[in-house]
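Since the structure comes first, as structure tokens, the remarks are kept for the end.
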Amino acid sequence: MSIQDDIKAAIAKALQDIPCVIGWGAGPEPLRATPLFMRNAADVENFTAGFLAVNNPALYLPSCKGVKTALVVKGCDARSVGQLVAENLVKRDELYLIGYPCSGVIDVDKVAARLEGKCEPGEVTRLREENEDVILDTPGGEVRLAKKDIAADKCARCRYPNAESADVFIGEKRAPVVDQDEYADLADFEKLSLEERKAFWEKELSRCIRCYACRNACPLCVCRDHCVASSREPHWLTQADGVRDKLFFQLIHATHLAGRCTGCGECERACPVGIPVLTLKRAFSRQVEDMFGYMAGIDVNTTPPLLTFRLEEPEIKEREW
Amino acid sequence: MSKITLGYFPGCSGLGTSAEYEKSTRAVCRELGIDLREIPDWNCCGSTPAHTVDPVLSSAFSARVFAQGEQVGITDVITPCPSCLSNLRNALRHMDDELFAARVDALTERPLKQEHSIKSVLQVIVEDIGLDSVKARVRKPLTGLKAVAYYGCLMNRPEKVMRFDDPENPVAMDQVLEVLGAEVLPFPLKVDCCGGSMSIPARRSTPHLAGKILDLAGEMGADVVVVACPLCQMNLDLRQGQSRAAGLKYTLPVPYFTQLMAYAFGLSDADTAFKLLAEDIAPAFTCMSRRSDEIKAEEARKAVLAEEKARAAAEKAAKTQAGTETAAEKQPGGKSRANSASAAGGAA
Amino acid sequence: MRIGVFICHCGSNIAGTVDCAAVAAKAATYPDVAYATDIMYACAEPGQDAIIAAIKEHQLSGVVVASCTPRMHEPTFRKTVERAGLNRYMFEMANIREHVSWIGKDIEANTNKAAELVRMAAAKLRLNKELKPKSFPVTKRLLVVGGGVAGIQAALDAADAGLEVILVEKQPTIGGKMAKLDKTFPTVDCSSCILGPRMVDVAQHPNITLYAYSEVESVSGYVGNFDVKIRKKASYVDWVKCTGCGLCTEKCPARKSYDRFNEGVGPTTAIIIPFPQAIPKKASIEREHCRLLTGGKCGVCAKVCPTGAINYAMEDEIIEARVGGIVAATGYDLIDWKIYEEYGGGRYPDVVTSLQYERMLSASGPTGGHIKRPSDGVEPKDVVFIQCVGSRDPSIGRPYCSGFCCMYTAKQAILTKDHIPDSQSYVFYMDIRSPGKGYDEFTRRVQEEYKARYIRGRVSLVYPKGNKLIVRGADTLMGVQVEVEADLVVLAVGAEAASESAKLAEKLRISYDSYGFFMEGHPKLKPVETNTAGVFLAGACQGLKDIPSSVAQGSAAAAKAIGLLSRDMLDSDPQIAFVSANRCVGCGKCIEVCPFKAIQEIDLRGQPKAEVIETVCQGCGLCNATCPQGAIQLSHFTDNQILAEVEALCRF
Amino acid sequence: MSVLNTKELRIIGFLCNWCSYGGADTAGVGRFTQPTDLRVVRVPCSGRINPLFILKSLLGGADGVLVSGCHPRDCHYAEGNFYARRRLELLKGFLPVLGIDPRRFEYTWVSASEGQRWQHVVEAFTAQIHGLGPARGWPEAPELEILNAVAR
């Protein structure tokens, strides 16, 4: 029996006393799975885990408040859940987590790059996983790609492939991809001078269409309908179509996530125009880790660093005047 | 042993009036693993009288000394003489001001390129070498020598420039003498004026001022007045005849602390250079050895006493265990012996 | 909205370096400004009347006054607009004096900056809302911290006015520094004769509860209702049973304990009654000296105590109380004079402090009022007083004048002559500072009648020679060096704020200066108030002062406290947080950070929401900065108001 | 035109009412001369300061932002400045990510008695900002550019 079947069995068992289990099901095309809300055995048959299980199911938790809900989670999803629990935004005892060892998830853009000249990702007719590879059926025949070459960036720096906080864990635990997140993804950006960085954001943000997909994909953006981006009281943002306001929205998002972001990357994945908005959050996360030794979503019993303080802050070197 | 290498500025008196300071300093530094590299072709530090007349010219003298050092890769310099120390350090401090530095550079035509430091020999021994290292080298402890340390006006003052020891009650030399084994008396006039700079403009006040220092030291029962400054040494040592004429009662040898260090390290007469002192140090050492004998005898007596006490206690414990209560008789015996012993000590 | 702008000249204070008419002309162009003018003195009666008239004439709905700091006159002008029928919060101030005219002389830059500050104020005012205070009941009880003469005075005055008073004193007895003094200047009357009866009054007053040997542990709450925890330190003696007979102090074998009350002039016992007139007259054990408490062997006091009051197992006790106001009267300490190596740095026994000398002069002191040299017990003949030891000395970070040393030195010189008629006193001084009723006459008397030799100059060295102390100094009037052979040297040690004053300030949330002295609300107009409502200051804790001034300030602080607590209800400040329930997602972050537990979670139609407890909220706005969606806003300092100020500065 | 051309830069200060605003007043009372660039926004507590106010200022055209509150442990509201310290320090470290020189933002603690310290802070910070020169602006929406031009 495959892990997939074991998970399905666990889901079926969970459904005996939980009304809904959230996981993934086949999507509109072979390279994409879609969130799946399973309420009965028939739904469970559509369940799929593995390389296509990209979406973060924690996104739906705040709207499930008060109803016992089960989730199938990857390691990174579990961190989002953990942070929501730490902030008391969802109650742990209202959750049932089914974990499995994640070996990474697909980044369709990277597949597109690999297929360049052969075909469009949408023309792929079938995807099969074979150990550390995937095999794509394309109009031009089979294409074999290594998973690590087409996995999301976050998978290359994965410290928590196993949902450690799961109530039930299916399969053998995987070793972490890395022991330490070196924030290598920021290295190239940080080679830029201050002037170049400013130009970088001006250029990137000029594409922004203010669709707020980044916000809507973020499992920790719990304000939802009450986001300050669209309120008059307080009135932080105008509706003006300038880079300044577009960037300022990203800064609102990033500061609101400082000390909370688990780096799941859904914001950046959701962006239809490919703005690297995760960079802002990662910059904050690194500082938070250095300054307060805090990693979001790991320990549900630690108060997030911006909601507490110490009388003496050993890592804060204030300016001597 | 780890060696340190430092630039060395002997100063003018090292070649003349304070030759004993110079000899003993070199000997002591050698023993302590300080490799002294004398600054090549050094010149006057620019102290009296230049600095009272023209501060820029005075600092230029100092600047040339540092420039000479820089040429051979020396930037950390030490000097035994507090007066040189003061002028060299003040020159560096004044040259922090760019305008001043420019005026100095115009005179020397050799602007300094590196950061320089200047410290006294005393400061290096106490802070960089450490008293433990000094103690480890003592072969002939100065046990029984009653000493007072006299620092003079310049070694620790002004506080903001010297940044070493307490400006009103310095203790560095006291500590050195203590690890050499001497008994250091708490001398209140440590930083009083010896009259040094008065010796030309107000000659008659010098023996008076120097005499006051020697007088109190003598009154306190000191065998020696230990110094670290050539000018102080000269005033206190050389003028004792004048001081006696002005009413001074005591005759006291005035050695440099480095001389006593050399002596305690067991170095040769050439290194201690005691014979260059005006007042003979021999009587002080005679007092020292007599007192040292007394101290040894006293220690021996104490050891015997302690042994006896321990034996008595053991016996008492044994008897108590046996149920007899006669140990009380033992104690008066022990006491009377102690009394007679201290009486004998007093008579000696 | 119709805004009126008034640019105050403040005489020449502002108009000297700001073109007020130009600022007013500029202000007239700002959005919603219906009227703008400049005015000579906005705060004076004609100025206030002009504002009221303008409000009526131009139907103004909000007012900006550009003048001094709002910390000074905001309450004044709020009352003014209220008199004209506006809500008091429809008012903003622009600080163009402290922040503009007083800190620069460039008229062009100042005028421009003043106009900018007015623009900010007007932009904010456009978003102001009418706010109404709520009333809450007041606890009619006063806490006085410190039982020196200032605290005693404040406690007695408040108690006489009918208030309940809690007096907390750190030492086992009240009386403070004054109780240690032998006589007081300039009358040379006996200190304990004038202070003693007042101490007894404290003990006997039905409205005063005294906690001696106690300290303030923590303070929470706000004006009208502070919740105070008082730590009653273990005295190891049950004070209910103790009669103060003193038998224990006679029998205690630990006779080498440090005598705190007598400034260590002689040793004392481990169990003590500090002095015969102590209030409360109860014994207490100093733990570090007690043989039983440190070594486990002794118990003499328990054996001799006729009432069985000794309790070695006693522990600190925490007492909780609610008070409406607090008077801090924690006094001063002497600076550490041992840092002066030139005076011996504590090495010479015959160099004593002025307070030690005071104990040597006192008939109830360890020497029975006989002046004796600590080294050999001999009566001194030549006594040298050195003034300004630790005062007016920037090199040790104490540049200020302690204020009372000149006077007590003169007094001590007189007393020296009284005690030892054939003695000679010498006083080394910098300047004689004696501005007080009868003070300068007093310092003349000591020189003319008592023949004390006053030498203007500093002492460079004190050193022992034989059984004398040689005092060497300068006589700057004669231009010579002087040496005095003294038998005893008395250092007029300067004072600093009591050692733990900073800790208390943090508990009371009041400011203190770099020397530890508590900051008054205003140096002239609010000398006993602090910027924390309901906390008042008395005595040397606010700044060094002598006994008459301390007593006067004690009474002043009491008067302020009585005024506050005579009211049954107080108005709460309406500048507090409020929640837009429809925007709140109930995440509870505001509840987590609120320092006052002023926000609670409520259930609104099945949804968790935050709710502000209005009388508990203090208006810091931390919740506002924490709430991601801005659902909780601080009234009068809302996000939009601050954004309007930022916009006003950035956009134009 | 808010700042004087060539003479001033646009510096916004956020000061807590109890300590630093009082310290600035004390500096004024003491006639401690200061540069005129700074404009002060008074807030009750440094804990009230949302880091976004600072970002809004810097994106909006401020050349420098200075925040000052009560010294740690001396907060009038007991804890506000402790939270502020964490938030402001994080913000300062974040500014370079946007290409903003972190020296354009400083935070400090000045008590109501520290008039001289306030003078020093203002002088030092103003000099620092003048050293950095005017900040380069961020592009606004085209229609706003036109409106602003009209307003000016």
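The chains carry the letters A, B, C and D, assigned in the order they are written, with residues numbered from 1 in each.
In this section, a residue touches a chain if its C-beta (ideal position, glycine included) is under 8 Å from a C-beta of that chain, and two chains touch if they have at least 3 such contacts.
These numbers were taken from a predicted model, which means no experiment stands behind them.
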Chain A and chain D have mean C-alpha positions lying a whole-number Å distance apart equal to 36
Length of the line joining the C-alpha centres of chain A and chain C, rounded to whole Å:
56
What whole-number Å value describes the gap between the mean CA coordinates of chain A and chain B?
73
When you check chain B against every other chain, which residues touch at least two of them?
none
Got the chain D residues that touch at least 2 other chains?
56, 60, 73, 79, 83, 87
Enumerate the residues of chain A that touch no fewer than two other chains.
236, 306
Looking at which chains touch, is this a line, ring, star, complete or other?
other
All chain pairs that touch each other:
A-C, A-D, B-C, C-D
Per the touch rule, the chain C residues reaching chain A in their complex are 580, 582-585, 587-589, 592-593, 606, 626, 628-631, 633, 638-640, 643
Considering only the defined contacts, which chain A positions touch chain C in the complex?
62, 66, 87-89, 222-224, 226-228, 231, 233-236, 256, 303, 306-308
In their shared complex, at which residues does chain C touch chain B?
340-342, 344-345, 347, 461-466
Per the touch rule above, chain B residues touching chain C in the complex are 166-169, 186, 188-189, 192, 216, 219
With touch defined as at the start, can you tell me which chain D residues reach chain A in the complex?
51-52, 55-56, 59-60, 72-73, 79, 82-83, 85-87, 89-91, 93-94, 96-101, 106-109, 117, 120-121, 124, 136, 138-144
